[in-house]
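Both complexes shown next keep chain A, but they swap its partner, so chain B is in the first and chain C is in the second.
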Partner chain A sequence: MSVTSMPPHRLAPSRLATSRFTLPESVRALRLEFKRNAVPYVLPLLAAVFYFNTLRTADGFPPVWTLRASAITDHMLFEFSAFAGGLAAWAGSRDGRRKTADMVATTPRAAWARLSITLAGTLSWLLLAFLAGVAVLYIQTALQATWGGPPLWPVFVGAAGVTVVTVIGFACGVFFPGRFTAPLVAIVALVLYQTGLRQALSVTASGTYALLSPANSPPVVDAGVYYHAAPDLSIVQVMFMGGIALALFGALGLATTLRELTPERGLASLRAALARTDGWLLRAVAVILVACGVAASWTAFALAGTAKPDAVGGWQIPALHSAASDQPVPAAPACTSSSGFQVCVHPAFSFYLSDVAEVLDPVAAEIAGLPGAPVSAKEVASMIGGQDVPSGISGNPPVFEFTAERVGIYFGQFLGIPDPVGWREGFQQGLLDPFLAGPSQQAGSVSLGPAQQAVEDALLTAAGTNVPATIGKMLQNGQPIAGPPAVRSAAQRFGALSASARHAWLAGHLAALRAGTITLAQIP
Partner chain B sequence: MLTGIHRSFGKNKAVDGVSIELGSGVFGLLGPNGAGKTSLLRMLATVLPPSSGEIRLLERDPRGPAARREIRRRLGYLPQNLGYYPSFTVVEFIEYFALLKEMPSAQVPKAVALAVERVDLGAKAKAKLRTLSGGMLRRVGIAQAIVNNPDLLLLDEPTAGLDPEQRVQFRALLRSLGETATVIVSTHLVEDVGAACSEVALMSAGKIVFRGTPDELTARGAGHGVGDAPLERGYSAVLSAARS
Partner chain C sequence: MTAAQVLKPPAAPSGAAGPGPSGLRLVWLHLRSRRVPAGIGALAVCGALLHLALHWHWAFNSGPYAQQVPMIIEAGAATVIAVTAHSPFGETERSAGRWLPRLRLLTVAGMCGLAIPLLQLGAVGESLNAGVLVLARNVIGITGIGLLCSLVTGALLAWTLPMGYMLFCQYALLQAWTAPWVWPVRPPADCGAWIWACAVFAAGLLLFAVRGPRARLSDDS
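Now for the complex of A and B:
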């Protein structure tokens, strides 16, 4: 058909006019923005960084939900910040870079609506990518974890982080539409994140900025296991970042007005700019959003200033804190007593129950029936009442209580650096130290005397543990009171006795041994 | 209708007291580089506010947001420096602008298809814009300008980059559009004006120094030696007179 023969196809203005709510058109435009967004081109690189930075790091943690989820804010948000900021700035600067500003400016759709559609297309991709990463992380954890479920607050904090960086980057692109804006924003996002991380890891970790930054040091290994992880700080972080995002989104609504302002013309410039831009209703909504965003961020900042350490290693904010989160999380322990010595661990750590039992059973058998000897072992929370809980023997009948932190070296296997010998010796010492030093003593704070050390070494050797040359601990007023060779010799003598002879000697001399009145020479 | 329009950029007067009233038809805007054609077109496109003077477009004052929005619904604009989104296809780019022009969603596919066909880009409808030549991109720009069947169509150097065959087709399209709409074509190619425009204005130093039909402009060139074509001689004669 020739263009000249084509009949004029005219649409009456009234038919072109649409209702105030043009959702279908907006959705169609969003579909185009989504389809032709720059984010998919960068996804392979983002996926590679995610694998090496986040997934491998999380894989090095024991499969405990709260611990694994900490990788979302500590690692995942790090890489997403740079990508999200840069990509959003690229999208925001598009009309400036591509010289389409005049063309889109002549369309009736408000500038804010246009920008919102472009922003939504980019943000949708980034949030989808973020949630896909979270899904991979959580599926991997679900396949390995033995208890609990995926915590949602780290996801909310991460999503808020991605959103705020995206909006910041987009706003930078809109206000400074240059080709270097995107890389600059990506670099600044990385620096800001690192600054937040450094603050969080510093000695003054209670600084308000450190608390508001989603970057943080990994929590204790049993965080969220015995007690709920209080969401107080997460709520404040989401509020802070959401407030910034909301305020900047509102500022985008005023972008046209702000850009047309020329300071030298003062009020005349403001009046002209207001006349040129979108209607008063949109401007009013934009101003309200800016005000709400600033108020939310300011409130979050003020709330973060009232944060104080909670009883289980987290932070609580009095105005937000729920006493319910201080209550223990009910869980039936996973137990085994195949050799008569019952060992119980929290079900979240049941993956190492058999290993723990296999290590404790031989030493428990060596001291079974002796005064103060534990009849069972039980795993407890590593922090209660704001204090670290050391391992030790307590109760009647005596029970050896240990924490997941005590199992620490065991977790090296997740990082690919297993040390089974070191772990076995250290964990067995954790039981024998308080036994030989006395029931009131706790592992970790125990300083054994030479005779006690010799007996411990002998018992460890009898339990099948290869004890290295004994060093340290045998000090009195800073001076060695017996050299390692003497201790080793006594340990070899005692270890050469039969199990029943060792047991009988211990039964008769345990009180004196604990009191420190037995010398190395007195050990048979 | 423009009344006493001025527009300055610093001390430079781009448009200096232009008053003009136009009805339907194709109106050619001629002038040398820097005459103020693009600034005038940008003001008509509601992109650039005048420093002083009054503009009424489609019987509305574009200073009011509601009126400006209604004008923009019925406006088509092709800028001199055409920008585009390289990753969009031809259809997607035109559809995007149709949606920005608030066309009813149901009418968009048909309007886009018609616009693509009018600029003879049907074979390249699914091609990414980054793969198109300069002339084809120009046609995409024209298509986005006419997709909403505007009542006021502003084209800044629309034939730049078009091959001769396409220019002939485009002039025919202009005549077709001018039957019911006001089409303002800014160009420095006088043959476009002669072939497609029913009326022409010549700008120099921000002022309109001639307004009439192409034949009247041609008549001004009688006896004037500069230019290969009669219309060019008229153009040169008017400019010389304006500068002297």
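Now for the complex of A and C:
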């Protein structure tokens, strides 16, 4: 029984009632619900799971706003789904669990109002906890990010996800009160989430369900950096989940009527329920809410069916798409040229600018002035026109272009390789591969010949890189191995030359080396 | 009213128990008070859910992701067992007899023994990643956590800590943790994981059997 179960004139006078500022009845009931709700008892557990599953995972990502924000829907919503569903079912089943449903049914207050207060209290606690988690995540990102601002759409999607799971759990608790309802709702919510993730990650699945699922793999590292992240899919997801929540909330208003529909009496119970004249307004409102919710969800489902991949790795929905999303985001690059070789990255990635310059400078110095040697390095968008952009050398004067997602043969360079040595090798090889194979080549598709490989090894050694562990294209059981003895021998010979001798030999033989007419024996 | 009417023994409540030895009747009443029949139904639902998940490929077939959905459902079965521990009689029941600890122990052990084959039945004909050994280890270990939780929160909210542990294990699974106390991510024959799971189960079962779940907190919330 709650405050709203009692008729107003029977309420005992309280301290609040005698004070000058008397709170409205519903607010007092909500305050009581806040105090008695079970969610606060579970918050420490939720915080611990949030720390491990969300915060530590996000901390492993580069401090780029869109990437870090993906942890909200990919990780945070997962843990919140379990507790939101279970605790809401727990709150919703209160009357049924305590066998007080008949007792409170005799009170003048509508059952919907009573349930709404309980739902609002539970949902408010969960949303407060969710927003607190988002705040922690965003503050951590703000302290590390070098460009951009917090994206809001992942927060909206996450909040909608928490809301819909809460309402589903609450409705399950109301309609099926029992001790097993809460854990079963939590489990089913998690399985649904994982199924959505499976669909979203599967290369073969392109169904609507996969698009409506908020769970997904992390986006490309520079998502939302060069181009705006289109909110089309987020809008549809919010509309879909909000529609379900609205429809179920309306169904709660019909809970009393639905309970009277017993299968034994068949159509008679339906006619009796429809013939009731009391509470018709509330029932009408409930039916309208159900209809609106179903319509919103159906519309979202239909819109998701029209989605198609956009040019920058996301999804666009023609009915919702804004052309402004396709425009590049203006940003002045962050550059450094401490040793004459200019390196520029997007300001969102300026946190590793000095590291990139430090890695590229010695290799660039080895080949400086040679035909086709890059005079600078520039970071570009990792996806243009729906295609992955490999690194390579292009333009006049030549510029080494790389992306935050792909350098040389390495993919997801800054996301999946925590090893700093591998990171260094990726950049140096990424620059030397297209240079030795010809400036028109792109590093991702380069296959060096033995002589080219020997020269590259020698140049890498001269740049201070441990070559035997770096010949990335020669792999055995997934581990880099040293090249064939003849390649190693030629690389050692060439590396033993002075820098000026190497440079002079390259100046005279670079064209033949690129053409593949130089043999290992011809390398000095 | 005559003395004969007063001395006449009251009629047994209809449907309370069938004919049979009093020990069996006591066990049956205990199981009914814990909603064990409904609990078995809930375990069957978990088994069916596992079957659907495996049959319709809701989970991945291999790799760390493959263990996620089975682990969720195994934890679900464990939470059902933990929630079954709730007594509707609270403190009153504790003064009723000396059989209560044995009945508690019997109930939980029996439910665990039933949950494992029911879940395994759900995986028949499908490819269950890591097999029945991991399934059994997860069920008994997480049940132990649930029983320990019931001592603090009451049995009705005893699903919260197992849920938190399972969510943490999902993280540990993807991060390739190897600590034995994170037994759901360990290989089937890992001794350390088995020791941890059995120890937690034994501790939970023993404490639960002796002390019983907390009677009030979860009812007050």
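Operating definition for what follows: the second predicted complex is superposed on the first by the 462 of 524 C-alpha atoms of A that agree within 3 Å, B and C clash if a C-alpha of one lies under 4 Å from a C-alpha of the other, contacts with A are read in each partner's own complex, and residues count from 1 in each chain.
Note that a residue touches a chain if its C-beta (ideal position, glycine included) is under 8 Å from a C-beta of that chain, and two chains touch if they have at least 3 such contacts.
Owing to the predicted nature of the structure, the values given are computational and were not obtained by experimental measurement.
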*May I ask you to name which of chain B and chain C touches more residues of chain A?*
B
*Can A:Gly279 be said to touch chain B (first), chain C (second), both, or neither?*
first
*For A:Val191, is the partner it touches chain B (first), chain C (second), both, or none of the two (neither)?*
second
*After lining up the shared chain so the two structures overlap, which partner does A:Arg36 touch, if you call chain B first and chain C second: first, second, both or neither?*
both
*Please indicate which partner A:Lys308 is in contact with in the superposed arrangement: first for chain B, second for chain C, both, or neither.*
neither
*Name the residues of chain A shared by its contacts with chain B and its contacts with chain C.*
36, 38
*For chain A, which residues are in contact with chain C within the complex?*
36-38, 41-42, 45-46, 48-49, 52-53, 56-57, 78-79, 82-83, 86, 90, 97, 178-180, 182-184, 186-188, 190-191, 194-195, 198, 201
_Under the definition above, what is the set of chain A residues touching chain B in their complex?_
1-4, 6, 8-11, 13, 15-18, 22, 24-26, 28-29, 32, 35-36, 38, 94-95, 98-109, 114, 272, 275-280
*Within the complex, which stretch of chain B touches chain A?*
42, 45-47, 49, 63, 65-66, 68-70, 72-75, 77, 79, 81-88, 92, 95-97, 99-105, 107-108, 111, 114, 117-118, 120, 141, 144, 148-149, 151, 169, 172-173, 175-177, 179-180
_Touch list for chain C against partner chain A, complex_ = 35, 38-39, 42, 45-46, 49, 53, 57-60, 65, 68-69, 72-73, 75-76, 79-80, 83-84, 86, 153, 155-157, 159-161, 163-164, 167-168, 170-171, 218, 221
